[in-house]
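The two complexes that follow have subunit A in common; it is paired with subunit B in the first and with subunit C in the second.
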Partner chain A sequence: MGALGQFFHAIPFDLIIIQTVNGIVTGMILALIASGLTLIFGIMDVVNFAHGELFMLGAYIGFVVFVTTGSFWLALIGASLIVAILGAAMQIVALRPLIGRDPLNTILATFGISLVLQNYALWQFGPVVRKIPEPISSQFTLFYLQYPWYRILITVLSAAIIGGFWLYLKYGKLGVWIRATAQDRVMAQAMGIPVPWVYTGVFAIGAAMAAASGVLFAPMVGVSHTMGLDWVLKAFIVVVVGGMGNLAGSIVAAIFISLLEAYATIWVDPSQAVIVSFVVLILTLLFRPTGLFVATPR
Partner chain B sequence: MTTAPLDKAIPLGRLRLGHSAVFWLGFCAVTVLLIAAPLVLPEFWRRFLTEVLIWGLLAMSSDLLIGYTGMISFGHSAFFGLGMYGAAGALLMVSPPNLWLAILLGLAGAAGAALFVAFFSTRLRDIYFAITTLIFSQIFYVIIFTWTAVTGGENGLIFTRPHLTIPLLYNARFTSTTLHWFVLAVVAGSYLILHRITQSPFGMVLQSIRENESRTRAIGYAVERYKMMSVMLSGLFAGLAGVLYAIQNEFAAPDFVYFLTSGDTVIYNVLGGIGTLVGPIVGAGFFQLARQLLAQAFGDQFPYLIPLGLVFIATIIFLPQGILGFARRWLNR
Partner chain C sequence: MTEKWKEEKWAEDIWYSGKVTRRRVIGWGGGAIGAMMLVPAPWRAAFGAEKAYKIGSEQPLSGAGAAGGKTAVVGLQMAADRINKNGGINGRPVELDIVDDESSPAVARQKTEKLVQEDNIDAHVGGFLSNICLACMPVWEDAKIINMISVCLDTTLTTTHCNRYSFRTYDYAPAQAVAFAPTLTKMGKKWHIAFADYSWGQSTRDAYIAHIKENGGEVVGTTGIPLGTPDMTPFLSKISGDFDGLFGIFFGKDGVTLVTQAYDLGLTKKYKFAGDGSISESTNLIAIGNKIDGFTAINRYIPVFQGPLDTPYHHAWFNEAKERLAKIDPSGPLPDKYVQSNFEALNALKIGMEKSKFQTRADTMKLVEALEGLELKAGPDFPQGDKTIRKEDHQAFPQEFIFTVSGGTYHLIETVPGAKTVVPPACNFSA
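For the complex of A and B:
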């Protein structure tokens, strides 16, 4: 009995609860990024390598709008809109000519776009980390910590954006078009759906979601030109673990992986906690190569 | 792929030479030019040319995957970097530093990384392969970056260049000219080996995997095993490039294991022409030259990747075969 008691005593319950909250917060942000990525893949068969750069650019534009207007919410909306337009332009200029070619071409093209965007950000803003202050600064007490309400707000907002998007897919006009195109592109075209514009729209929506998550996340970590690659890697892991093109799977996988990483940081250095998500990826590839939530074809 | 078949012999003046004669003549001409180059070039451009050859070898190794097997690797920096750190380990641990031991240990390091990547990534196709190679290279980056006790962490490892030794025959310090010749010999030899591999029955299977994987499987080839072999071979040659780079620059740094190196490798391939083996070398030369000239024209801080990235995107859209794409069919006979 004493040994068992000692065992339970050794587990830092307060830390675990704090890290659970942290994991869910980053998990929802990651889910917002990954759902844009998986949406673009599921409908257009395009792996958007530039997704992390759209996230990064969203954060930078949010920073610029915040500095000029002083309003965080204007920054959020402005960055989403501008990046959505940018995403649409990217799709029209670089990806539309590649429709019908080997899908590997689109990876290369989006990779090229990510290079240009990342170096543009570095050139324009320099290597200094920029900060957007939190729009609400009140905190509540979580054990011995003063936990900012803003983080809870991010979680709720991310969930609201994903939920709203899901409702739109189900009931909105463009949403129905998107689902029809995903099911059968040729048939959708025959029914009069402007498939090329649906693609552009999907890309714009995915880009806007990436930008929104960039602005929401900026107060927690600061804005730098390298934030894109780190997060797009995580988003890729999430999308592979959750099953490519599977929206619900991505969300669950995002929270799952973020929780694991958060728990891992109790015992190891944050930079090494990344290994945990790599391990999850490797195990997934070994045993369920099509993702945790999609039946493995035999 | 759209080039007309060149079955007829190429008329060369009044002589009518066969395909292989023209191939070897061209190969010898280029090699002679590259042998003579360091004798006339100033020091800076001599170094530059040597470096281009090393990047060319790296690009060529990834062409075996991209161009011949149809799998895009975004993780070649891992093989390159492991080759680099393997060579560094051999040079630091053994005294006096031995060139051949460095090559051996570098290749062993790269082979280890390649085995790891091959085992997990070849289960997946297309994009999944590309993404997982990227993630695996990032694993190696994190390990090298954080394992400061062994790898020197962010600072990397610094060592001295070994002597150029040929057992019982030759033993002298590397000069920049002999280093260039040594690199050239390794790269030219690697080209010939890779060329031979792609023309062998094994290479034909790789190309049929690229064209139609399920049919290749249906014919009865163990596709996974061929893919693993392809990744392993590619990783070995990338590791060799890493060893050469380490020897040339006398340091190993985690920056070279980072994603940027892999990205550059892909760019070399696309610019020069995938599936040609020489194309990637030309692409590497073009890229490095453009970078150098842009830096000289606009200063070191100029973001050269913006114009080069735009050129890269334009190449994919308008010239998917790359600079040497027109010669692809001829080179692969």
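For the complex of A and C:
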């Protein structure tokens, strides 16, 4: 047997398939969070530091709706709608007055909002971690593991939400307005598109996507006031690697980075595998600063 | 036109005598502030003109450790209120100066400097996250201020990083490992450890590797998972092979994530499941639900009235703590070890201050000597049980509780007396 044969023999194929599934599942959750973040940046030029807190708020509201109705699906829909309304209010009150100002103003504003929301959640709900039970609790055998069907459901739902949003962006009236505003906001306004309301709508959609991902992810980790912090850093990496404002790029980058990390755990210590995403981030910033999936201007 | 009447002679008295002018606002405002400063605070009324002891406390009230920090403060406040109600320390009241370290070592260092230099505290009781305790230890030592560590579990705080001014009135990982390893090796000989990959998790892992081996067992693999990892599945998926039990070392919401995701992957059915009691603190149990059923753990405190915890003073302490916790969390969590160890750390300090007749920071060395070897007797001050602060390294060895969790409640299976958890000191101040 040659060296190549030995190499292939040494590859643990069961682990590769398991980590592929893990990478895709994690990647789709990340894609759902990152798509809201990149949408808000792409249209509004706002780096939303409060995105993780909208994710957390979605989970808490989902918890309240679940306790009231006993339905996971109502929790998912209710939390998305309520957080969309809150997001719209937040944009009107805190961000709309800052349109046209230095981007640092919006960064500071969203950072302030994130602190307020985080401490509000701790004050309102207290330190006890809350639970939203998963709608399906069965598992299937994946080599030596029992793999939960719920993780597959999350992947499908995330893909459905992102796909639905993409279709709306392409064919819906607000979608056309959003695309027009993204291309040229001055011309869009001249053509009668209410740009400030488009901004509000975009922020509401981004907030709803964060909330939906919060509810979907809550059964796997519980609901706590810091749950958004853990995801938002990675979501920012994904948005930078995918290209700020590039929706498709962010989705591909989310899956790409998650798969890389998952594969890395096979050969290196899992705690070192998380370094992979930072390495990709640094390389992207060095060689393709506009993102892996956006052409770099020369 | 409607205001014209104000200028007429007959209206001058009515209008100008009662008019709110800026000068009057400033005058009355200044008077009010002065009066507020002069009005005695409730404790001042009780203690006359005695100056309060200022006890600093660094706690994570925001950021990753905030949930635990909030319950820790409940224990501290309970102890301070009780001390003041019973006449204070040396006839002087206690005033808490609680600062938020924001779960960040860098912020904690700044706030520690502020407590020392600006707030001029007499002593410190606090510290929650081990990396923060480690970062601040040198500041307390340089300032020669007593540091009663109240939650941090990192082993090295009282071993390689020990100093004369820091004390720990509760357990640490080597003592827990000594107490728990015989039970673990009865459950199974081969173990895999999954741990929070930072100072506390690493030192606890090392302690269990050593003591499982000492008891005839073996740790066949370890998996470090960074703090705050939201999806542990890629890490947990790698855990497989021929071993008997999975041992977890996590706290806070990472404990929830571990149990939930290990259960979802079938690991907790395939292997025996045990770990550090921090995983199953009462603030986590609601979120974990029945996925933790069968989990065996060790902790210095569990909220039950079984065995040595079925005492009148524990009942009284438990009820008051529960009532106070309900005010910060509507779900009404049960008291946890963070409430307990903060409560007891301040009470230990009180006994030391009374014994040494501590008045100012100039008396710190006398206080150090009073705390060294101090026996803390079970009772209203120490509802967890007896313990002694060892003179050599300032480490206490309380009794430990080995328990299982099922149906959302704790079931005590064994109490290990403090004397049976003792490990030799790694530093020696008495030499």
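The rule we apply is simple: the second predicted complex is superposed on the first by the 280 of 298 C-alpha atoms of A that agree within 3 Å, B and C clash if a C-alpha of one lies under 4 Å from a C-alpha of the other, contacts with A are read in each partner's own complex, and residues count from 1 in each chain.
Criterion: contacts are C-beta pairs under 8 Å (C-beta built on N, C-alpha and C of every residue); 3 or more make two chains touch, one makes a residue touch a chain.
This is a predicted model, so every value here is computed, not measured.
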Room on subunit A for both subunit B and subunit C (clash or fit): clash
Subunit B versus subunit C as contact partner of A:154, first or second or both or neither: neither
Which superposed partner A:15 touches (first subunit B, second subunit C, both, neither): second
Which superposed partner A:65 touches (first subunit B, second subunit C, both, neither): neither
First (subunit B), second (subunit C), both or neither touched by A:122: both
Touched partner set for A:56, first subunit B, second subunit C, both or neither: neither
Between subunit B and subunit C, more extensive residue contact with subunit A: C
First, second, both or neither for A:266, with subunit B first and subunit C second: second
Touched partner set for A:236, first subunit B, second subunit C, both or neither: first
Partner chain(s) touched by A:112 [first = subunit B, second = subunit C, both, neither]: first
Subunit B versus subunit C as contact partner of A:202, first or second or both or neither: neither
Common interface residues of subunit A - those touching subunit B in one complex and subunit C in the other: 115, 118-119, 122, 229, 269, 271, 274
Sites on subunit A touched by subunit C in the complex: 15, 18-19, 22-23, 25-26, 29, 115, 118-119, 122, 125-131, 133, 139, 144-148, 150-151, 217, 219-227, 229-231, 261-262, 265-266, 269-271, 273-274
For the subunit A and subunit B complex, residues of the former touching the latter: 41, 47, 94, 97-98, 101, 103-105, 107-109, 111-113, 115-116, 118-120, 122-123, 229, 233, 236-237, 240, 244, 269, 271-272, 274-275, 278, 281-282, 285-286, 289
Subunit C - residues contacting subunit A, complex: 62-64, 66-68, 70-71, 197, 223-226, 228-231, 233-235, 237-238, 240, 253, 256-257, 260-261, 264-267, 269, 283-284, 286-289, 328-331, 333
Subunit B residues touching subunit A - in the complex, by the definition given at the top: 70, 72, 74, 120-121, 123-124, 126-128, 130-132, 134-135, 138-139, 142, 145-146, 259, 263, 266-267, 270, 303, 305-306, 308-310, 312-313, 316-317, 320
